[in-house]
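The two complexes that follow have subunit A in common; it is paired with subunit B in the first and with subunit C in the second.
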Partner chain A sequence: MAAIVKRRKERHLFAWLTLALVALYFLLPLVSATEFSLRENNGTHGLDAYRSILQQPDFRDVIMLTLRLTVISVVLSLVIMVPTVTMVHLGAKKYRRLVEFISLQPLVIPPIVLVLGVVNVMPVSWLGSADLLGFEYVVLAMPFTFRALDAGLMNLDVKTIVDAARGLGASWLTVLVRVVAPNLKSGIFGAMFLTIALVLGEFTMASLMLWNTFPTWIATVGQSDAALSVALSVASLAFAWVLLVLISFADRRRKA
Partner chain B sequence: MSNLTQSTVAAGVRPSRAVRRQRAMRRARNVAGLFPFFIYTMIFFGAPTVMVVVKAFQDQKGHWTLANVAESIQTVYFDSFVESLKLSFWSASTGTIVGFAATYALLKTGNAWLRKIVQTAAGVFANTGGIPLAFMFIAALGTYGMVTQWLQKIGIDIYGGRWTLFGFSGLLIVYLYFQIPLMVIVILPALDAQKKEWREAATNLGASTRQYWLHVGGPILFAPVAGAFLLLFANAFAAYATARALTSGTLPLVPLQIGSLLSGNVIADKANLGFALGFGMIVIVAIAMSIYNVTQKRAAKWLQS
Partner chain C sequence: MERTSTGVELRNLRRTFGPVVALDNLNLTLQPGELIALLGPSGCGKTTALRLLAGLDQPDSGEIVVGGKDITAVPASKRNMGMVFQSYSLFPNLTAAENVAFGLRVRRVSKSERLKRAAELLELVGLGEQRDRYPHAMSGGQAQRVALARAIAVQPDVLLLDEPLSALDAKVRTQLRDEIRRLQIEVGITTLFVTHDQEEAMAIADRVGVMRAGNLEQLDLPAVLYARPATPFVASFVGTNNVLPTTVEPNGTVYVLGRALAVAAGSDELAVGQAANALLRPESVSLGHRDGGTDGVAGVVSSTSFFGSVTRLTVKLDAGNFILVDMPSVIARDFSAGAEVLARAMTNEVVIQHQEAVALVDE
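Moving on to the complex of A and B:
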């Protein structure tokens, strides 16, 4: 009996040891990056790199462009995907598989291949506008927006509430905005946050379409100022992680 | 309205013309509601993709040819496919093994609090990629990185030999940062579904731990683990940003080759070669994802009952 208990304890010890090693792999780069970003020229540590972020000449332009792309992608994503996924749950059930299939395809076509097609197929006047990048981000986000909204609608008897609203004389727009959307809050927030995280981190398409967004800017800065680019990386990771942790909490609340 | 329709059908009475017309209109309206989605994806996703596939089989004057595809699997370009496949294979298999071990260990501890933390962290880390990830590792394992300096202090100079963070094995270490969490996310539900009863039944019938894993647990987990491996494989194969930032194009990987062809760092008559490379990538990822779908269906069948 004692032998069995001892063996079980050993096994638990082994499990904790495995987890500790994996945790070390994930924490070391984080700690390193924080330390690196705090390094100053004279061998001391301080907030110099973070302070200099705001003084960069193109900081304002980069942030404005990135914000603009974020707003375009989030708004357009919702305008296209919320009615589509609602329709699919409502009457066009036959098309659910087709819509799901199409929405998941951006996972099969790598962004590097998509951008190759985009710069060759789009009219030059469209390529001259950064907004096209935002339009493409809607596509890249589709696998995530579809899943988030689809999961949200699964938990909702959408047919009943829509029939009720329609029966009371609401227009389709009213139904979508004032009946479906409020009930789909967590799904919509999930889709929004994932889209934001995507736009703030996307490098492939932005750099090859020659737009200076936050990620491409970090890469450019990195060629001349390592501490600054690491500081920017830490800041952008921290921001994205806060968003993603918020999603996971929203998710848990929905399941509970 | 719909209740009324159903009861009419149930009674075996043919629905009246008005009801049929209303139904047809409803169907038409439902399909019409999907039009914006179809048109949008056709313009911003379908057209570029079709463009890549068509141009892969055309020369620059628009004549059909197999020359691009033939060249894309020769010389340097063949090497880059091999290098990309190697990197994807090793990062996917290491990610699968480490992710599986971590998930198994997590369930073994039976700690609900830890489980929540790991689940949230995995969701966050799996989405960490690109430029910030590359710089994080430069800060850790780069020439002046913190870990590099620590190791130097205890007498280990990782840059003493030929190793560098900016080569194949360096990239492999960095890729694991998003591969391991992805594995944890994918495999946790499958490992969770391993029923205690199966283990107990096997033990009662006299099976040893080894026999249980060989004949019961192993075969059941095979489909989900194989599926997870393929997902990780496709994930690594498509990655561009991290590799671009770390190797600045010195390592021949297919995405990097496409990138440099696209930014025009190459002679003009090779322009259509990029499309052939892109087509090759689509084919490889599509094969991996199709097998993944098959394994998922098999896994669902096993885990449902």
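Moving on to the complex of A and C:
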């Protein structure tokens, strides 16, 4: 009896220790970064670095471009992937492997190669538009969007509810908008979040295509002002966190 | 809810999936307002037939005619069918009332009108109180009732039911079965009800169609189907049968349990002297005590099962094979396990088939 209690205690201790180590691994850099970004010239702490973010001359342009790319890639990702993954689940099961394989390619092919491909293939007039970058992000996000939607559909008897809706007179568009999407909310939110996170963090493509997005801007700024660049990173992380909390909150409300 | 009913005609429907012939050449006519039950073993094409009629799937060839119009090429969304599925098919994100109103919403019925109709229909299936419940909070029986209300709500030309009761427990099953029939008659809606439960088919339908391997073997009134099966497959699929080996006599009769019986219509064609199996219903066998007479084949009662008004006895014949005998429970009291009995056929004609035919029926 005593031995069992002891063993259980040991296991608890081990679990806590592991957790603490993991937390340390993630939190330490964050805490140091935050601390660093709050340092001021006279040795005290304050919000100077954060205030100066807003005063940067190209801040507005960078944010607008990044937001625009985010909207393009999220909307396009959903418009392409929701019907595709739904179809795969509806009977084209044999194509699931193929679609999954295709969706994984961006993880295998380096972004540099993708960019070179795009630059070589696309007409020059298109290369002048930043929107093209949004299209590329749709491709880059595919591994994540596919998985998120695929997992969401696994929990749903899609075939039956789609048949039921079609049998009741719903067109394919109505089926997708009124039946599949509302029941796939958590998968869609997951896909959205991952796409947003990707756009907020993608550096290679944006920099190679010579666009000044949030990540490339942080890098540029960092070369001249370390405190500012760290403040920017912390701020963008906080932004992503708020987004995550909001999304999981919306998702929870649906289940209630 | 007065409305005119619609007739349905399936003509030479064929549907294959690669090498699998799901429907071979299906012909079926439903009279307006009629309920036909399609009965058949697993994989014989029942669901495929329903899906074709609903437009959820396209036939390789053949025509579907509803209300005199050929709708073979009409997409599902324009067909006006109501379908209830075997697995729970309610939209998880919608309440009972919203589920019922879905088809009306698609048809752009005004909100107040469709909520009113949904409430009426839920009342009709006995769920007036549950209109704001979500599917995950419903029992299986409740969910299928809502699905039924949802299917009827659009006032469909044809109601299609694909084994709607198979996931329910026995009591709810018979209850809902009778309710579906009551509603169907009340609304006067032409209905195709698919099941692999012969009792269910017999109890609910105006006519029962027995399917086998993508074809309709026989379509008849339940009583006719039971008494005069058109093919050996139907004979052995519908109801319980004792399979008794026999031989065709020179005068065309067969000896079954000590009596010479005429060969019934629907039997296999067999030559004189050929070995055959006779299919004898349990209720067509009578038992007497061995000391009471000499008529019949000797055996011993090995067990009895009480089904209420009827008792089923298993009798081991002296030849070594077992037969089932159904008799009113009041009479069966005289025959307990171990009783020495004489079994006798209580019919004048019997269905016979090739001896190897029986194997086909095993599901």
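Simple rule for what comes next: the second predicted complex is superposed on the first by the 215 of 256 C-alpha atoms of A that agree within 3 Å, B and C clash if a C-alpha of one lies under 4 Å from a C-alpha of the other, contacts with A are read in each partner's own complex, and residues count from 1 in each chain.
Keep this in mind: a residue touches a chain if its C-beta (ideal position, glycine included) is under 8 Å from a C-beta of that chain, and two chains touch if they have at least 3 such contacts.
Not measured: the values here are computed from a predicted model.
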*For the three-chain model obtained by superposing on subunit A, do subunit B and subunit C clash or fit?*
clash
*Applying the touch criterion given at the start, work out whether A:N183 contacts subunit B, subunit C, both or neither, answering first, second, both or neither.*
second
*State whether A:S129 touches subunit B only (first), subunit C only (second), both chains, or neither.*
neither
*In the superposed arrangement, which partner chain does A:D163 touch: subunit B (first), subunit C (second), both, or neither?*
both
*Taking the superposition as given, does A:T174 touch the first partner, subunit B, the second, subunit C, both, or neither?*
second
*Show which residues of subunit A both subunit B and subunit C reach, each in its own complex.*
163
*Which residues, counting only subunit A, touch subunit B once they are in their complex?*
11-12, 14-16, 18-19, 22, 25-26, 28-33, 35-37, 80-81, 83-84, 87-88, 90-92, 95, 99, 102, 105-122, 135-136, 138-139, 142, 163, 197, 201-204, 207-208, 215-216, 218-219, 222, 226, 229-230, 232-234, 236-237, 240-241, 244-245, 247-248
_Interfacial residue positions of subunit A with respect to subunit C in the complex_ = 156-157, 160-161, 163-171, 174, 178-179, 182-183, 185, 254
*asked:* Taking the touch rule as given, give the residues of subunit C at its contact with subunit A in the complex, in rising order.
replied: 51, 54-56, 76-83, 85, 87-93, 102-103, 106-107, 147, 150-151, 154, 160
*Sort out for me which residues of subunit B touch subunit A in the complex.*
1-2, 26-27, 29-31, 33-34, 36-38, 40-41, 44-45, 47-52, 55, 98, 101-102, 104-106, 108-109, 114, 118-121, 123-125, 127-133, 135-141, 144-147, 176-177, 180, 234, 237-238, 240-241, 244-245, 255, 258-259, 262-263, 274-275, 278, 281-282, 285-286, 289
